[in-house]
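Below are two complexes that have chain A in common, paired first with chain B and then with chain C.
On to the complex of A and B.
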């Protein structure tokens, strides 16, 4: 008994030490981990709706409580939580129930590898870029599986569309990321940021940054590329069969986490992360990522949805050549020592 | 399709039901037969909001039919009433005071603008452009307020009656109308910039659902759909009623025949409507707006008559058979939405599923009007 009590005391002491000294638990649970991400998610939902309302000459969320109705997302979440869960008779039950949770894990996993500053990183990893991109790439597969598991025509068409879309944007995305890895000669996010010391990669590799940005918006499934969920054609697409909290989880993972993760990825890869780095480096990263998120959310107020045909054509005709040209330019520039460091 | 798991389905084509409980159809159902992403066949299934207006009309006094036909297309109420009243007046030779004609023109054009704004909102949201939806619905409210000022109600006005209009406009109406029209003309430029010039919008509608001039005439298209296919035909010019023959306005015609042209026609029509209202307010003569005594029982003569007007969705015809009694023997409506339904089938075949909203909505199909 004494041992158990001693163990608990030691764990508590460790936790206190950890939390007060920004140890791994603090990073995973508070910042930049779970607590921070979920609070940010609430603010993002509210901000998106408020911003769209401003553009569209209306008020937006107001009555749910808090200043300017900032508690609206929480009210929505409570509503989702109390709604009835309906599992279609024809659905693949195990997959149908498991997929929302898997999607949340997959969507949030890249957060572990992405640095807010040199030390503010949950899991420092020399192959962080590969890991993060691998998880990002995994998500469309979940959409396809969801469409299949729902056993609904609309969901299935949505899933197929997501797969189609991925065929379009995946290669440009990876080729652009390869340009970054080549220029910084590393897959380590910290090194990637450090090697953007004089000039950001967005300035030295504008073509790659552009291709990555467009592919990234498509990966998020945001307007104008929200093709898999096309509400008007296929009735909300791949998650049409979901209700209640499972739908809520999908909204969080597919709409918010991907927005946050990919914006942060773009910031780290192309906008120099925490550089110039004086003051509070985490704040630099956050502000840059926030501006990217805001820009992407703003598309909602400006663009309609494109068609799958047009998007895939654009991805193969324009994005892929752009990213390959970018890669070749980077490859050539590495020989001149433009990106610093040892020449290959 | 028989129930079963998707992996057991061996059919090459699948049937996808759109509407009526679908976010993309309204009170209308169509079954799309899809081969991959291509629409092979369309089975329209109208009739969900059939209210047997024509039969009910046989049991109503002539004056009671005005609100009845207005409710068929409540966004376009005055035009619907105008057509009916025109048929009754021409059948019985009822004279209309000059001032009432101008007021009717104003009411009809206000109706047209509110209806087209409704179209822009719905078309915008069907392409997932929520800003267009909110803007046009917000601005539509200004015109509904104007309509309320003029007629007394926001929708279903029953303003146009045989022999004139129900009452004269209030004294402050011209000033308020001019203010709204000035604002709206500026606002239309914003619409143009954010929606008509939007690259994504152009990409989705240009060359989509092309209706050739020959097909448009052969299939009996009408209204903006017909004019977008290069046919200069508008009842307001070709068979003028109210004060349209004294007003100078243009009929926008586009040759392309695609969804973009259909949207453009409606956009330009709103601009023309603004011009028409301005002129009508300027040129309006003084005088009475209706006979001194308006009786509930209209003096309708025995006979048959067909009259037509240009409603927001196209040419709207009424055929009245009267046996001289208090109620019509038969009232037949020929509604533009139903005529354009034939074209839907023609246009959707061979297009992709993603083009369906852009084509379907560009026809401005109004299900209650087609079902009646």
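On to the complex of A and C.
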């Protein structure tokens, strides 16, 4: 009995120490982790809707409370939470219910490896880049599975489209990432950022950055490449059968978490993360990532959707050569010692 | 397609988007606080002058979705049979044929268009009701029970009619 009480006291003491000294629990739960991400998600949903409205001469969310209706995402969430959950008869029940949760986990997992500054990183890992990219790559598989588990025509078409699209952008994405890893001679995000000390990789490897950026937008499934969920063609595509809170979870994981994670990945890999590093390093990372997110959300307001054939052609004809040329240039530059340090 | 040209075009469209983000006026009105001044001839809620109606039933015959039913009321000097139109706004498509075909100018359309109700039966308007609507439009909202949500949150404003800014691109005309 005493032992249990002692244990609880020790745990509470540890938690207090941890939260006040920015330990791992603080990082996972508060700042780069859950709480921060969800607050950011609310702001992003509101910003996206408001911005699209402004560009299209509308007003956007207004009535839901707060200045300019900023509480709209919370209202939406409450609405989703109270809606009826409908599971289609023909669906693969277990997969159908499990997949939204799996998708949220997979979409949020890379946050653990993303550094906000040298110390503000949930799980410091010498192979962070590989892990993050692996989780990012896993997502289209979930889309395919969702389409298959829903057992509906539109959902299945959406899933197949996601798989087809992935065939296009996956290689350029990995080749571009390889350029970064080669130039910094590490898969560790902290090392990657620190090897961008004089010049960002976006400036020394512009071709790779461009290829990665386009592949990244396709991976997020955002306009102009939101081919798997093309609303006007196949309803909501791969998650058309979902209702209520499961739909809400998919919106968060597929629309927001991927946007956030990949923008942060781009910031860390190409835009120098927290460099130049004076002041509050976390703020630098955040501002850069936010600008990238803003840009990608802005695409939605101005661009139409590409056809899937156009996209896959572009990926194989233009992005893949671009990323390979970038890799060769980086390879040559490492031999000349351009990226500093010991030659390989 | 030339990728460089495509890139430049994309950047151009982004710049246009940024311009719209800040400079262009909003087209949406904060209804019901802000209202448009509707042009004459707007087809909305109907209004019947019972003393002009002769019960000829031409309105009912001309109504494409058969929204009009002739109902019996007390006869008037002009309307010996005592037949008057009852309009079911569940069916009405606001085509204006009844108004157009009425030989005695007894039916008219008003610029009232916010006819939302909680109960569909409230959209069936008998002739006495159609007669009262013009002098006292508020009875519409009392009758339908929708006046509760009409508490204004902003200062009431009237916007100029958007019909003057028609165009393929739906942009205000700048001179």
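As a working rule, the second predicted complex is superposed on the first by the 344 of 344 C-alpha atoms of A that agree within 3 Å, B and C clash if a C-alpha of one lies under 4 Å from a C-alpha of the other, contacts with A are read in each partner's own complex, and residues count from 1 in each chain.
The definition used in the following text is that a contact is a pair of C-beta atoms (placed from the backbone, for glycine too) under 8 Å apart; a residue touches a chain by one contact, two chains touch by 3 or more.
Keep in mind that this is a model prediction, so the values were computed, not measured.
Shared-chain residue A:154: touches chain B; no touch with chain C. More residues of chain A are touched by B (comparison of chain B with chain C). With both structures placed on the common chain, the touch criterion links A:106 to neither chain B nor chain C. In the superposition on chain A, A:303 makes contact with both chain B and chain C. By the touch criterion stated above, A:62 is placed in contact with chain C alone, chain B being left untouched. Looking at chain A, you'll find residues 55-58, 301-303 touch chain B in one structure and chain C in the other.
Listing the residues of chain A that touch chain C in their complex gives 51, 54-59, 62, 298, 301-303, 318. Of all residues in chain C, those touching chain A in their complex are 3, 10, 13-14, 16-18, 20-22, 24-28, 30, 170. By the touch criterion stated above, chain B contacts chain A in their complex at residues 3-6, 14, 16, 22-24, 37, 124-131, 133-135, 138, 194, 198, 200-201, 203-204, 352-357. Against chain B, in their complex, chain A makes its touches with residues 52, 55-58, 90, 148, 151, 153-154, 156-157, 223-224, 226-227, 230-236, 300-310.
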